[in-house]
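Shared chain: chain A. Partners: chain B in the first complex, chain C in the second.
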Partner chain A sequence: MNWKVLLSGLFGIGLLVAVLAVPILKGTDPHALPSVLEGRKAPGFLLDSLEGQTWSSDSLVGKPVVMNFWATWCGPCKQEHPALLAAARMYPEVVFLGVLYGDEPAKAQRYLARAGAAYPTLVDPAQRTAMDFGVGGVPETFFIDRQGQIVKKVAQPISMGEISHWVEAIQ
Partner chain B sequence: MISLIGRGLVLLALAAAVSGCVVGSISGIRKRDRGGDWTRNLTFAFGSFMVMATLLMEYALITHDFSVGYVAQVGSLSTPLHITIVSLWSALEGSILFWGFVLGIYAMVFAWTTRGRHPQHTAYSLAVLLGVAVFFCFLVASVADPFAAVEVVPPDGPGPNPLLQNHVLMIIHPPALYLGFVGMSVPFAMACSALLAGRLDAAWMQMLRRWTLLVWSFLTLGILLGGWWSYEVLGWGGYWAWDPVENASFMPWLAATAFLHSAMVTARKGLFSGWSLVLVIASFLLTLLGTFMTRSGVFNSVHSFTQSPIGPVFLVFIAIVLVFSVILLSARLDTLAAKDASIGSAVSREGSFLLNNLLFVCFTFTVLLGTLYPLIVEAISENRISVGQPYFDAMSAPICLALLFLMGVGPVLPWGRSEPGQVRQLFVRPAVFSVVVGALSFALGVRSPWVIGTFSMATFAAWASVRELSTPVLLRMRKQGEALPKALLESAIRTRRRFGGHIVHLGVVAMAVSVASATHWREDVDLTLTQDEPVEVFGYTLTYLGAENQDQPHRVSQVGRFSAAAGGRDLGVLEPRFNRYKKRGDEVPSPAVYSGPKEDLYLSLLRVDDDGTASLRVVVQPMVAWLWVGGLMMVFGSFIASFPERILRRRSSVEAQGDVA
Partner chain C sequence: MRALWTIWMVGVAWSSSDEAAVGLDTPALGVPPATEVEVDAQVEVLTTRLRCPVCQGLNVAESRSEAALAMKARIRELVAQGYTQDQVVGYFTDRYGDWVLLEPPRTGVNWVLWSGPAGLLALGGVLIGFRLRRTAATPGRDEVPPKRSDVSSEDPYVAQLLAELEDGP
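Showing the complex of A and B:
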């Protein structure tokens, strides 16, 4: 029996198995990328909606807010659109806002006329607000509580169940 | 009903595997022949039950029996038949069943080809092989049960993953990779049997080499097709992204490649025999690690199925196999190594093979570290990081260059000791030539040292292979007056391993040059084109002709039509598209590629608008086609080298008799 091989081998196995076991034990989802903004104050903004109405972050203080970054060229955004529509109708006390990401307002208007709209979509020139929020791609949905803190960022097409869960959390 | 029969078959296979594993171990320990026959029969039983279970699942898929859990999960009435057949491996449960099927076939072929030979080694090998089978049968019977009955039978299902449905390569890439991955358990079993028996005969070693080579060919083919598929489907114009799962297939390939070289030294010189077995065992363990990565949901990748319950079970299995291998190695390594001769001179073929092995092992560790590093960081802190292309590129480029260099040196150096004068004579011409090629590429404007290095080292390596291939052919033509085709065929048959090996090397050279050129001269741009207005881009003229929708039962395609021309020559109409699969609602882009020997024009549709404009990504990469040519050469060469000797011998003895008559 070569004890050197045995002991170093078993040591290596222990390390490897430990490394592989950690994510299983923690139960983390590798597809989820936590936002550094979670738990911090939401960045301020001052934007016009497609209808020409001005929205500022200051006017939203004290209200729970759901902000959804989207675009008409993004397939998954269209996929989650019905869920967001339904949620906006179900929770009238929550402010739902769409923010257009890298897209033309005319296209968004045409799309919303067809697919339906239940809340305003803001136009974000040069994607300044998207940058402030650290948006890496669309769709991304932010849940902001009454104190203006980002409670959760969801970086994938969102479902009705997920929206309800996080809306309960910010109310 | 099918659920019940299917589960029954899997349980029978499990029973056969368990009893075969026990009987095989006992007959290996007691060296009894009768036990060996029993083990063989139980192997056939296991294989047959596994094949039957898989065929039954295929039957359920084809007849759309949605009472079977797996069919309800991936089946759909509107999916075309050929896609329905291959959806066996489109999700977790089916793919594990398919794994068992391939293992069953391998086990039966192995049991059949070893009948009446090496009784003790065979009994041990079958015992180990069936031990692996026990685990997979257990998975199929428990946590990944494809035959689970559905309580409320749905009228229709969602259909398989759209990515699987989107391209023909997706039909052959997974089975080829499975043949490589699952097949690695045969060399592993053979290596374990040599360790269990405490001796490694030359004949057993030769068989081990042949099996590993065969499995290696499949693995190479699987990896190649995966890259090709990614290029043809994913729309970013690349073929390799150092994604954890790509790495998972690459690591066992590296370890097995190292073995194929060290085994040559073991066979020829009786060196490195213990080391060769370590490499075989490592290759198998790396395939298990790879499967774990794809199937456990621990890694984020295009390949990973989402969170699944088999992760913990798989990890326990990996741990058991690791502990088993380490105990076995530490118990027997000294016995095997005691018989090894010692290496004579560093400037010899065995010296260069030793260096080759060190490089391959370094390469494997580099990839392993890069792949596991995010997990390590996450284990000791809360941070999430990802290790990307820059790390892997920076680490692998020098190793690849060194390997290219060795490809030009190793096969040319003599075994044993070499005289300085001889070495000078062998390498002066290729060295001068490769320096000339390097200088020429510098003169033509190449400034990247890596690209220049690749070109000149590729020349160096190609020189060696071409000379080794052509010398025997030319000799036959001159000495025996044979025509070129006959001389080529005869020398291919007579020195089949060396011949195949050099074809593989030339394939590697083609791939190296292709990767270097494609990466260095890649150009890409995102454009918006207006209908019927030609646009000049990278030397091509593209005209957007309009878009159309194509409706098929299972999908709707939005097709952008673009005419392409280069230098006044019409290249035809390219049709990149979006395919939307009705049942799942996912949109999958499908790029269009115009492929030529010089360069590829690659169009990927980004969006089509109602106002007569379309946006697309245009990628032009030189020499990409040579990547596939080189890869296919590697597969072809390794098939030549692993061709069974018996058939060839029979053929040439028939010829010899004909000559006498």
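Showing the complex of A and C:
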């Protein structure tokens, strides 16, 4: 047995395994990749809320905005809901908006009546706005500054600490 | 390749945001297809190239998820308006990044992925070639091994052992 050849082979295989294993061990998810929209202007939208009020991105110019894509069938969305409610009450100068993703408005209304609501939820027919924001699942939360730029996308259930951190960044 | 591409994207975590944005900000560069059949054909090609955003391992054509159906509807809409295939792909990579493509584009650092297997194969071939040449050039390689009777020993015990072996049972 040629030990040099054996060791070189093992080293090569080990290196390959290490390179491929790093992202797996880190527990990173492709959805958690930085959004290509971060640092770019937020896509425009014109959507109706569950209450029937029309919301336009143009009307939000100059205001910090937190947009949360969610659905009633999404467990993690329900998990983060109390934090978003508390944050919306804590930061009245920030516009909080929910955007319903692949769900029925009636179900969302029933859920919000039960769990509480502190900001409007918009209905996104054909998921056009979700597509424009590059949403790859829910929950996803976008933090948009006063200039209309996306500062951060959080693609996991968000905590109060994270919300506060990014709200400070967009104000 | 799909799995490797996903791991590569996660590991490298780079994006294509520096590339020219091609989306609805630009007018359709193509001519709207004349028939529904032509639209269907283009949609078929595009939906197999793009990844379903909520299922990862499936393309838009294979997935029955609501997100994939919405993407398919959007693709059909854009194709019918005369957007070229590159423009439609650009529309999605502009929003989702290269992650939305099932195959890595043959540009920049992705050439490492595309040329990696062939490169490793070539390297292996070169190493084997060197090894064979070195083995062939080793002196005494082709010499006939000496017969037992040619082997002698000054040690009487070994000499007797060799003699017995030579005589056989």
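We take it that the second predicted complex is superposed on the first by the 139 of 171 C-alpha atoms of A that agree within 3 Å, B and C clash if a C-alpha of one lies under 4 Å from a C-alpha of the other, contacts with A are read in each partner's own complex, and residues count from 1 in each chain.
Just so it is clear, a contact is a pair of C-beta atoms (placed from the backbone, for glycine too) under 8 Å apart; a residue touches a chain by one contact, two chains touch by 3 or more.
Nothing here was measured: the structure is a model prediction, and the numbers come from that model.
Once the two complexes are overlaid on the shared chain, A:V17 sits against chain B while remaining clear of chain C. Contacts of A:L6 after superposition: chain B is touched, whereas chain C is not reached.
When the shared chain is aligned, chain C comes close enough to touch A:R40, but chain B does not. Using the contact criterion defined above for the overlaid structures, shared-chain residue A:W73 touches chain B, although it does not reach chain C. Using the contact criterion defined above for the overlaid structures, shared-chain residue A:G116 touches neither chain B nor chain C, since it reaches no partner. Of the two partner chains placed by the overlay, only chain C lies in contact with A:F133; chain B stays clear of it.
Residues 5, 19-20, 22-24, 28-30, 33-34 of chain A touch chain B in one complex and chain C in the other.
Per the touch definition, chain A reaches chain C in the complex via residues 5, 19-20, 22-24, 28-30, 33-37, 39-40, 43, 102, 126-128, 130-137. Partner chain A is touched in their complex by these residues of chain B: 292, 296-300, 304, 306-307, 311-312, 315, 318-319, 322-323, 325-327, 329-331, 333-334, 372, 375-376, 378-379, 384, 580, 585-587, 606-607, 609.
Those residues of chain A whose C-beta lies close enough to touch chain B in the complex are 1-6, 9-10, 13, 16-24, 26, 28-31, 33-34, 73, 75, 79, 107.
The touching residues of chain C, counted against chain A in their complex, run 4, 6-7, 9-11, 13, 15-17, 53-54, 56, 66-67, 70-71, 73-74, 93-97, 99, 131.
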